[in-house]
Amino acid sequence: MFVEFKGTIFGILRWQWQSILLYTLMSAAIVVLDHFFGLEMLHLQLPVAPVAVVGGAIGIFVSFRTNSAYDRWWEGRKLWGRLINSSRHLCSQVLVYLPGPAEGADQDPPLPSELQRQIVRRHIAYVHALRALLRNQSLMGDRDYEAFLEPREAERVARESNPTHALLQTQMQAFVAENDAGRLHDLRLQSLDETVRALLDIQGGCERIKKTPFPRSYGFIASRLIGVFALLLPLALVGTIDNEWIAVPITVLVCLAFTLISEAGRVLEDPFTMFWPALPLSALSKTIEINLRQRLGEVDLPAMPKPDDQGILM
Amino acid sequence: MFVEFKGTIFGILRWQWQSILLYTLMSAAIVVLDHFFGLEMLHLQLPVAPVAVVGGAIGIFVSFRTNSAYDRWWEGRKLWGRLINSSRHLCSQVLVYLPGPAEGADQDPPLPSELQRQIVRRHIAYVHALRALLRNQSLMGDRDYEAFLEPREAERVARESNPTHALLQTQMQAFVAENDAGRLHDLRLQSLDETVRALLDIQGGCERIKKTPFPRSYGFIASRLIGVFALLLPLALVGTIDNEWIAVPITVLVCLAFTLISEAGRVLEDPFTMFWPALPLSALSKTIEINLRQRLGEVDLPAMPKPDDQGILM
Amino acid sequence: MFVEFKGTIFGILRWQWQSILLYTLMSAAIVVLDHFFGLEMLHLQLPVAPVAVVGGAIGIFVSFRTNSAYDRWWEGRKLWGRLINSSRHLCSQVLVYLPGPAEGADQDPPLPSELQRQIVRRHIAYVHALRALLRNQSLMGDRDYEAFLEPREAERVARESNPTHALLQTQMQAFVAENDAGRLHDLRLQSLDETVRALLDIQGGCERIKKTPFPRSYGFIASRLIGVFALLLPLALVGTIDNEWIAVPITVLVCLAFTLISEAGRVLEDPFTMFWPALPLSALSKTIEINLRQRLGEVDLPAMPKPDDQGILM
Amino acid sequence: MFVEFKGTIFGILRWQWQSILLYTLMSAAIVVLDHFFGLEMLHLQLPVAPVAVVGGAIGIFVSFRTNSAYDRWWEGRKLWGRLINSSRHLCSQVLVYLPGPAEGADQDPPLPSELQRQIVRRHIAYVHALRALLRNQSLMGDRDYEAFLEPREAERVARESNPTHALLQTQMQAFVAENDAGRLHDLRLQSLDETVRALLDIQGGCERIKKTPFPRSYGFIASRLIGVFALLLPLALVGTIDNEWIAVPITVLVCLAFTLISEAGRVLEDPFTMFWPALPLSALSKTIEINLRQRLGEVDLPAMPKPDDQGILM
Amino acid sequence: MFVEFKGTIFGILRWQWQSILLYTLMSAAIVVLDHFFGLEMLHLQLPVAPVAVVGGAIGIFVSFRTNSAYDRWWEGRKLWGRLINSSRHLCSQVLVYLPGPAEGADQDPPLPSELQRQIVRRHIAYVHALRALLRNQSLMGDRDYEAFLEPREAERVARESNPTHALLQTQMQAFVAENDAGRLHDLRLQSLDETVRALLDIQGGCERIKKTPFPRSYGFIASRLIGVFALLLPLALVGTIDNEWIAVPITVLVCLAFTLISEAGRVLEDPFTMFWPALPLSALSKTIEINLRQRLGEVDLPAMPKPDDQGILM
């Protein structure tokens, strides 16, 4: 995600050079046709009004799409925000609900027991696993994931069809075992169950956004309508301006405006990629890791993630 | 659902040939009238401005409808996303809350008891039943549904007025029986009750979308306004262009733009059909099946559903 | 509610004949004025541009209203969808939480006790009472309501200032009595309390929509602006067209387009009437009745409600 | 709130006479300038197109504000709807959860105990207090508030910085005292706690709407842009119409249309005033009072509130 | 936040002088070019229609951004509203659930115990800490924060990576210790756990808004499109008006209208700054402090925060 945008007009040109080239060629073809044969002779000149109506329809369509894409992006961000909240809650619940070790209870914060440490670390692995899966990255080999699980568990989980669900079920097993052993009160187990439910909702919400592309028909119709517009507009313009060649930059500019609005939305459609407008999942999961490890009393923590030279935080 | 859209302009033409033909005939009729009698003579020529106002009104109307239809589609997808979440939660709860068999507890994951297996399999049947009912498919004969229930139960349930509710009540009976027998703690029963409530909300939400058509008046008014527009536009165009026949493709194009925006919405209105923009319920329910059977420790699982040659996932 | 709309243009004309007549008279008056005196002579001719700006403002206003009215209609439908869900949940809870009779427990589904039957039937009466009250129908004399309560209770409840709340309180009394008698576990009572809370929210939501008209000022301003527009448009048109009489149908058409968009919204504003776009409360409450009676093991059930000849389901 | 709007065009003129006068003076000044000096001579005539673009921008801005203001109004209504629901729930919970008196239990509905009566009456006072505070009315001297509390408590509470919160805490103290005394089950106390949480959310939501004005910059920018438009439009009109004086009514009409749309929103911004579009808090709180007193078995109830002669319900 | 806006047009000019200067220079350059060389000679004159289409596209884009920014601002306000609600709930729960001191229980309100006082005061510190962190203010040295914690705790917490989470965990430790000691019932602990969950959600929501800038691409594209428009509009105007110099104020005015709409949104994007449209976090946290201290029976309370001379409340 761009935290500080240092965009330039050249950046836009580089980004959309294909569209710009296409619109240039299409409008230039019309102008050449006019120059050598005369559109009037060909009876092809158009009035401006219906072309403007088409322009309005495209504007409505393109803005609807941008709107919906932004909603998906913001929903993705909300889900990761809730992941942070629920992670903190789970961590605090584990630390205060489960019994700590006999020694160390007088420290502030009290020392966690081995089980508490194990559960919280497994949750950190869960967060990194969700990040990796949403970005289509392999779990095995992901250092952040492997660092917080025992090698055997890390490998077994990575082979599951849904590794994150498998991790949550392991957590529930640990809670129930403590409950059965009389070390975790029934009501506290129920509170932990609520937190697991919240985590399942969050992970399912992310998977839904990831796996459900925005209806393809919208993008297809939008780009085709803009293409047709790049042919109609010069047909309407050449008759009304002195210098017919000016129709080319005007057409490119108008179509580019529509394309930019449309593309500004499209790039937000899947908020879980490694493309620059995507959400900074690495930074978010690192933040959770740091917060939770500090709760465990660890001191050699990694640095908080910072945007790179280009102002991008991933 | 199209996962990778390979649409072409020919696809659009094939899809909307009726509208295109209609608009062509209507505008051609006007042009012919002009050609042989002269609209000026008939005092029928129109100014462009009021026609543009009608165009704007149509644009507003059509985009509102598209917007609302997309909301229904996305709500349907959200409900099935929540179905995945709740299914995973139910499965995990059943596996860790109910007592497992004496042997097999030391395995990882531990072996499920016969009752646990039965409940999870009944839930898989529930998911397939919901998928079938939303698509107006018959339960009896649906292999995926029948495979996870005993034949007698499958048949009895299929005759119910609301088979999915009947299945959930059977689940609740099983939970309460375990609770009465002292094998399921009261609070864990309550957590399961919460999950059943979530499932009832999800299934009811899907039925609501399925059974409540978008107010018919909107579609009717929209298509009639576009039809009137296909008559007005050529009346306004023929006087302002050299070659009156160009009024025909222009009219078709403008009306087709409106129609496409309107239709792009209409096809999303009922997200539970077998039409290509509909939601991939088969794939979603298969995914749940695979996830849950893996939790039961089964190994001969079906393959994850993939889009077909045309990029369609159903 | 129209399930299959068989609307015709004649239907629209019949529905909006008053507006059409008004717009015809207003625009004809302008044209007559022009014909006999000449607007140019009267210096009353208008340019088109400011008239188009007024048209745009009307479009914005009218579409906002349609949008909000549709939201009310859809919220009403959602509330009745949740009523179905909560009714099913209540029914299942009553049947599995309260003790059944000694005999009949081995049947599938088990026979309900007299108390279970009474509570579920009272809930069916509750649903019919809510339907009747939202439609301003009298409770006494409503067969569906009276059939599921003892005559004395039916009469006492009907005299209450809020009969539906009274029925829910009776249900709560029955649950608490069972709890006090040790036949209903504390936690199960709490689950039932949750369901009653959900029902109170649903009924209150319906009453809110019913009793809060959409701010009147919107409708008033909208219809007045359209009326003014019916005078301005011909003033702008007569000078730009050959045949001044064409200004009349054009004006009627443009104003009718605005009126239809506005009216398409207005009829959705109160979704609980007996007008055709209203919600099919009779069908929905009958569906709940059938579902719940089947759960009680009853067999002589009424038929599922179907749309009538005109495609209307009420 | 207007329940039956009997608005007239004269009502609008009276309401907005200041704006109308301003627009008249501004446009008349331009026309006078043109009449005596000639705008052409002054080289001040404007083309219509950029003026129309400004008009479009104003339309977008004004409709956004109307939309947001309506959302605040509707949210306020929803909060009071939820207050009705929660009040009914609290009342039913108090009546069935707390023990009734020894005698009178066989009546239908059973007689409430002194404590039950006191708690329900305190809740009625709570509702009236919330209504008074939202309308900036004094609590002391408010008959409806004082009638349901003991004089000493009424006075002490009225001096608090947040009287409604103080009342809710007194309720919680009563519940906890019953619980400590063994007359209210733990789980039932928790249900009551939930209801108090809901009431705190409702009252906080109302206070938020009351105390957070809509960003002032929006209204300021909107009215200034409309003012500028009242100068630009006649500059563009005088050259295009025969009778320059017609520019005055046209300008007034167009600007008035924008102003009405803007004002229709502004009056909804604070839904808790005594202005006519505001919510009928008096009627709503009276309805709650009647409902709850009837539950207590009282019979000499006030009449249900009705709209006054002008169709206004407050 | 401006509570009473006393804005002037000069205020706008001062605020946006850079944009105004830029638009003036750009349009003046075009007019100078025309004056000395003649755009017609340079064949650079443009028709108005495509420029208007670009204007429409900008309007759509800019209003979408304003809309989304306002939503962020309003969500921030909702979160702080919920913080008020949850703070009151937590305070009431602590005061009635935890045992009070032996003496003082007969007072009205009863005297709080030392532990109750400590927990409520720590919560006030929590609110002030959240306010300070959202505004990037240092905790150490913040009087409001330090006043409600013991110096050692205040310092330890301020060094944490997430101080607010650390405070909430301390609260949970205190609740659990009371529960373990038998002075807090299990179910009441669970209610307090719910409140902590709500607080974690609120604080996480605020952090999400604070740390996630609105997609930078939107602002960049918007400002560039407005810039291009400031060049295109005079190219289209100079040919259609007598006095070419009028193109300069018209261009500035149109572009300024777009800029104002865009900026009215931008300033709402981060609602937690010290800029004037931001939320009055100081006043809100002071209100919570006063409410809660009054619950503790304290009497020497600070005054309720009031807007300053300029009508600004921070």
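Letters A, B, C, D and E mark the chains in the order given here, with residues in each chain numbered from 1 onward.
Keep this in mind: contacts are C-beta pairs under 8 Å (C-beta built on N, C-alpha and C of every residue); 3 or more make two chains touch, one makes a residue touch a chain.
Going by UniProt, the chains are A, B, C, D, E = Bestrophin, RFP-TM, chloride channel.
Predicted model only: the values in this text are computed from it and were never measured.
**Student:** Could you please state the distance in Å, as a whole number, between where the Cα atoms of chain C are centred and where those of chain D are centred?
**Tutor:** 24
**Student:** Between chain B and chain E, what's the gap in Å when you average each chain's C-alpha atoms?
**Tutor:** 39
**Student:** Which chain D residues touch at least two other chains?
**Tutor:** Within chain D, the residues that touch at least two other chains are 52, 56, 60, 186-187, 190.
**Student:** Which of line, ring, star, complete and other names the graph you get from chains that touch?
**Tutor:** Contact pattern: a closed ring, each chain touching exactly two others.
**Student:** Follow the ring of contacts from chain A, passing to chain E on the first step, and record the chains in turn.
**Tutor:** Order round the ring from chain A, first step to chain E: A, E, D, C, B.
**Student:** Sort out for me which residues of chain D touch chain C in the complex.
**Tutor:** Contacts found on chain D: 1-5, 7, 9, 12, 48, 51-52, 55-56, 59-60, 62-63, 66-67, 70, 73, 77-78, 81-82, 84-85, 88-89, 92-93, 95-97, 108-110, 185-188, 190-191, 194, 233, 236-237, 240-243, 246, 250-251, 253-254, 257-258, 260-261, 264, 267-268, 277, 290-291, 294-295, 301, 304.
**Student:** For chain A, which residues are in contact with chain B within the complex?
**Tutor:** 40, 43-47, 49-50, 52-54, 56-58, 60-61, 64, 68, 156, 160-162, 165, 168-169, 172-173, 176, 186-187, 189-190, 193, 196-197, 200-201, 203-205, 207-208, 212-213, 215-221, 224-225, 228, 232
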